[in-house]
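Following are the structures in question.
Both of the next two complexes hold chain A, though its partner changes from chain B to chain C.
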Partner chain A sequence: MSDKIIQKQDLPDFLKSLKKTYEVFAPIKENGFHRFKPLKGEENIDLNFTNTRLSPKSLLFPQSERMFEFNLDEKSADANIVKEAPKDYPPAVIFGIRPCDAKALRVMNVNFDNPEFRDPWWVRRMESMTFVGLGCNEPSSTCFCTSVGSGPFNEEGLDVLLFDLGERFLARTLTDKGEKLLDEAGVKKDADSAIKKKADALKEESEKKISSKVPTDKLKEKKVNDLFNAPFWDDVAFACINCGTCTFLCPTCWCFDIQDEITKKQGDRIRNWDSCMFPLFTLHASGHNPRPEKVQRVRQRFMHKLKYYGDKYNNGVACVGCGRCVKYCPVNIDIREVFKLMNDL
Partner chain B sequence: MLDNPYLPLPVRIEQITVETEDKNLRTFKLVFLNKEDEEQFSYIPGQFCELSIPGQGEIPIGIASSPTESGFLMFTINKTGVVTRYIHNMKEGDIIGIRGPLGNWYPWEAMEGKNVVVIGGGFAFTTLRSSIVYMLNPENRNRFKDITVVYGARSPGLLLYREELAEWEKRDDINVHITVDSTDDPDWQYNVGFVPTITEQKITTSEDSYALVCGPPIMIKFTQPVLEKVGFTPEQIIMSLEMRMKCGIGICGRCNIGDKYVCKDGPVFSLAQLNELPKEY
Partner chain C sequence: MIEYVDKIREIAKKILEEKTVDVIIGFKKGTLPLMTEPTLINDAEKTDQLYWSSFCNMNLANYLPKRKEKIGIIAKGCDSRNIAVHIVENQIKREQLYIIGVPCKGMVDRRKIISFLDGKEVKEIIESDADITVKGKGFEHTLKKDDYLQDNCRTCMHRNPVIYDTMVGDLVEERKDPDPYDDVKEIEEMGSEERWGFFSNLVKDCIRCYACRNACPLCYCPTCFVDESDPQWVGKSIDHTDTMTFHILRAYHCAGRCTDCGACQQACPIDINVRYFTRKLNKDVLALFNSEAGLSIEERPPLDTYRPDDYDKFIR
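Then we have the complex of A and B:
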């Protein structure tokens, strides 16, 4: 829509003016790792990161969410009546979200907001959120976004995309929301054609730096049972310790559990992130478990991401190539290898 | 305002009936607290609900009443886990919540004008009971040809809905074959034998028929070949599956078989559909 300029030296003022209208989440370095946190006062945001260890998915889909509350006091008129927990959804900005993480939210969106059911907490947060993305000048060696429908300067799911050009950012608005945000922050200066060219060159150069590729072209045509019964799953799962790190860090993993908690006569219904890596995830009350073995759970994770998701939603794969699971898996299971095994079966 | 599909509607436990002699199965008749909730709640046999007990959690349970029975919903619950144990100790008049109706239903449109064979075992007879009551309703009965039921349990005292079974047995617009695995009751007037054996004796044709089959895995395993022998195709064999569920609306991610969520794309599947999916249930 339009290309504006934000001088880096003006960034603190820019964020300050955003804070007048929005709650601002930005990457802050803590104990050696970057993490998206709300800007309260004078924190130093630090844009010198590749991918944050935790994706910002928790800002839309908190690790723990209070859904409902209820009162168990039989003397009260509303005893045992479940009510929605009151919440505010103020306008908010995620500043500095990486394009892969923004795309991941679009991957999740078809699950949480579909023609039959709309998850109210997800929908309200998505509506209240503006996404200011930061393109990746220096992708990591584990990044493979360009193979899975994203890229270091991919625009999907973003309202504004920032190109870091050294002394200044080129801020490209992509939606009305993004236009409105820059307007409210008083960003007026248009980028000239020389700067736009620089941004385009940066994008091209950065895409070239992503040397890690995975094949996906044949996944759709494969028969689900051929993949399910493939001979390689024992080998893939062999080293897995079912720790759940991959699902915890994955920006597209959305599975959750619902639990009730009571304190005296007051109760809450809470949803918590869950993981298909854990045997309890599918354990029936009868004791029967459709996925009692580790290999079945590992297969479920990859089949869901690379096959079931695409078959169900016709929306690509449920992987954005961020490389977190590759980087943090304690036993070095590499999803890129599984892409090859499945695609080339 | 956005509808919240996770929000349970309040209902009162109107009546509790102990169904089986081991007392592990009780039927709960539930009545909506709010008239407008009752009016908006419209379901089809085969669907289920999440019963929601504040402080304990939620359980997915098939609807055992039929939409032709108005004013209440009925659920028959096996005492198994945390929530079912708790509800078994609740009293008439207690308030719980309900979410639904959820999931799909038996293929009523396809079954129109056909013979319907209902095969059930043990406590997996709840949505089948709903279906039978629905078909026997005077407004619906002529939409179907012959209705045949084979229903068995381990012993007479473990059969659900015994009074209704005895009534159906006497009617001439439905063929009911009740069976038990064994009994030492000298007055037992029905069949003795496993469900697959009785099915083999009583179901001799698949012509123009659909079979609705619900029961423990072992029963299904031995009933399937019996049905296939008389010519039932995988498209004519309909089953209802169970799975651990939470949200009930295809979002929380735990009840999948391949790319299907049992809670939303099921619980009813034809054998033909199941044959295309991974064997992981």
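Then we have the complex of A and C:
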């Protein structure tokens, strides 16, 4: 593909021209933290962030999504018929997504789009979106992407990768979608070899800055039962308050619950994020709960991410090392420590 | 506060060795400079894992309900009050506990430090009695702890544990008459619509993760009303009505029981100060019943008692 140049001073114009064709989502700082929001003007974008507090997964997999609607009015012709809730999928750009989060969407993709099942909403959104990544010049001390198959300038899941070189961005197109996007925005100037060299050096330098490493090499060969029955779970789980912080902030957690909500005769079938940390997650209609205590729920979260996912999909671990759960767990349960415990059991 | 560490370890070791208790609930050093992790120690040899700093912001009383063994628990002022609430509400027995009181000089709010640093990352901290030095790439600042305390700690009037079996240091002087309710009064003065707007705005980004509820020692119900599925009282989506229902109802369940320990606010991953809900109720309970939660293990919380001489006619 190709390496182009976008001058920083031209960024507002670039975004403006994108907005002619696309809905643009970008990191915006509000109430003290960054998150992806639709860009209204070009002025409120803020690229001075290590990562957004909430991951961009909600753009493809919203916390609450109306899937179907139905009408319970017997008098109406379509009574009791469940219909897909109308939605549109305008072309959209996720601008400034970090490489770990782009990789996370690939991790989730095996769940939502596979030979057995294709989640229609996920698939259509994936198709309608173009991902313009922003490499990380200053990774945080909690970033461990390089240990889990990604990196501060990893290309997986991206259509364009931006290298922040001070005055300008080098924009590396990685797919046809990416080519098309830069084309439409009128980005023509090619990067010369000196600039390309700078970009490569930046990448190398950033990778070296990742100070946090986790071991994963032995996870695959470990027996599920040995990990499941490992002696450390009570200790890992003690502090946990079983909240939804780690799973809701995580860019790879995909679990959901489906609920019908009815107002008068009009019903909606809604899909909501759920979390394996909640007792209700596994509660059976009989009242039996196979994961009655928090230790079982904590174990499930880590076993799913570090063992079951890899065993099932042969696709690494279901953690991209973004560090959100490390930073925001209120009681400092640190997945990096659990990597060590599980891998080195 | 850091000077308490040795004392905590010493006491913990002793009471485990002497079998006064089976386990100790305390804090250990966090993996991040501004964090600590609640921990359970059952081996006298491991008591050197116990730690104390100005970032022990979770409320350890939260870990008591349903426990059967004899427990040594580290308690700052607010934790001790929540322990008292638990005792009164039969969540734990006084005889089960050996309370290691920590006279508290207030917890430092990591968010205030993070926001002061505006994106720069803390790599290391050094605490002294009144100051905290934060270091990172290309910076070093020495900050006055008092300027970075959690909001609840700024106005806390019970920094010394109210019940304890031993104390790790000399009592600290209690604050004289701070007015904790300035901002509550401002909200009271709003019209009903403006007030609704204030609270709607407060929780508009709530992700219903329930960290606030789960960090709170008061929220020990076996099944919280929002988790009840048969019947289901509250919707599960992030619909505003359901989110508001959660917060308002939870706050009412805490009325007369909340110690304003701040754990709920500290736990929220997106910085929502849910104490705005509970503090109005604390203020009212104080004004109406002259009561503050957790100051005694004799008295039941004002909202679950009945007095024949109640001044309100409707209840007599």
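We adopt the following convention: the second predicted complex is superposed on the first by the 343 of 345 C-alpha atoms of A that agree within 3 Å, B and C clash if a C-alpha of one lies under 4 Å from a C-alpha of the other, contacts with A are read in each partner's own complex, and residues count from 1 in each chain.
As a working rule, a residue touches a chain if its C-beta (ideal position, glycine included) is under 8 Å from a C-beta of that chain, and two chains touch if they have at least 3 such contacts.
Predicted model only: the values in this text are computed from it and were never measured.
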Following superposition onto chain A, is the placement of chain B relative to chain C best described as a clash or a fit? fit
Cα-centre angle that chain B and chain C span when viewed from chain A, reported as a multiple of 10 degrees: 90
Which partner chains sit in contact with A:F49 here, chain B, chain C, both or neither? Use first/second/both/neither. second
Which partner does A:Q259 contact after superposing on A: first (chain B), second (chain C), both, neither? both
So in the superposed three-chain picture, is A:Y89 touching just chain B, just chain C, both, or none of them (first/second/both/neither)? neither
Counting only touches as set out at the top, which of chain B and chain C does A:F232 meet: first, second, both, neither? neither
Of the two partner chains, chain B (first) and chain C (second), which one does A:F112 touch, if any: first, second, both, or neither? first
Mind working out whether A:L283 is in touch with chain B, chain C, both or neither, as first, second, both or neither? both
How far apart, in Å, are the nearest Cα atoms of chain B and chain C after the overlay? 6
Chain A residues contacted in one complex by chain B, in the other by chain C: 257, 259, 283
Which of the residues in chain B come into contact with chain A in the complex? 2-8, 10, 52, 54-58, 80-82, 84, 94-97, 242-244, 246-247, 249-259, 264, 276-278, 280-281
Write out the stretch or stretches of chain A touching chain C in their complex. 31-33, 48-50, 53-54, 63-64, 140-142, 235, 238-239, 241-245, 248-249, 257, 259, 261, 270, 272, 275, 278-280, 283, 326-328, 330-334, 336-337
Touching residues on chain C, where the partner in the complex is chain A: 30-32, 35-40, 58, 62-63, 111, 115, 119, 121, 123, 205, 207-211, 213-215, 223, 227, 229, 235-239, 266-267, 269-271
Quick one: which bits of chain A touch chain B in the complex? Just the residue numbers, please. 67-68, 70, 72, 79-82, 84, 111-112, 114, 116-120, 123-124, 224-225, 228-229, 254-260, 262, 267, 269, 271, 274, 276, 281-286, 290-291, 296, 300, 303-304, 307-309, 311-312
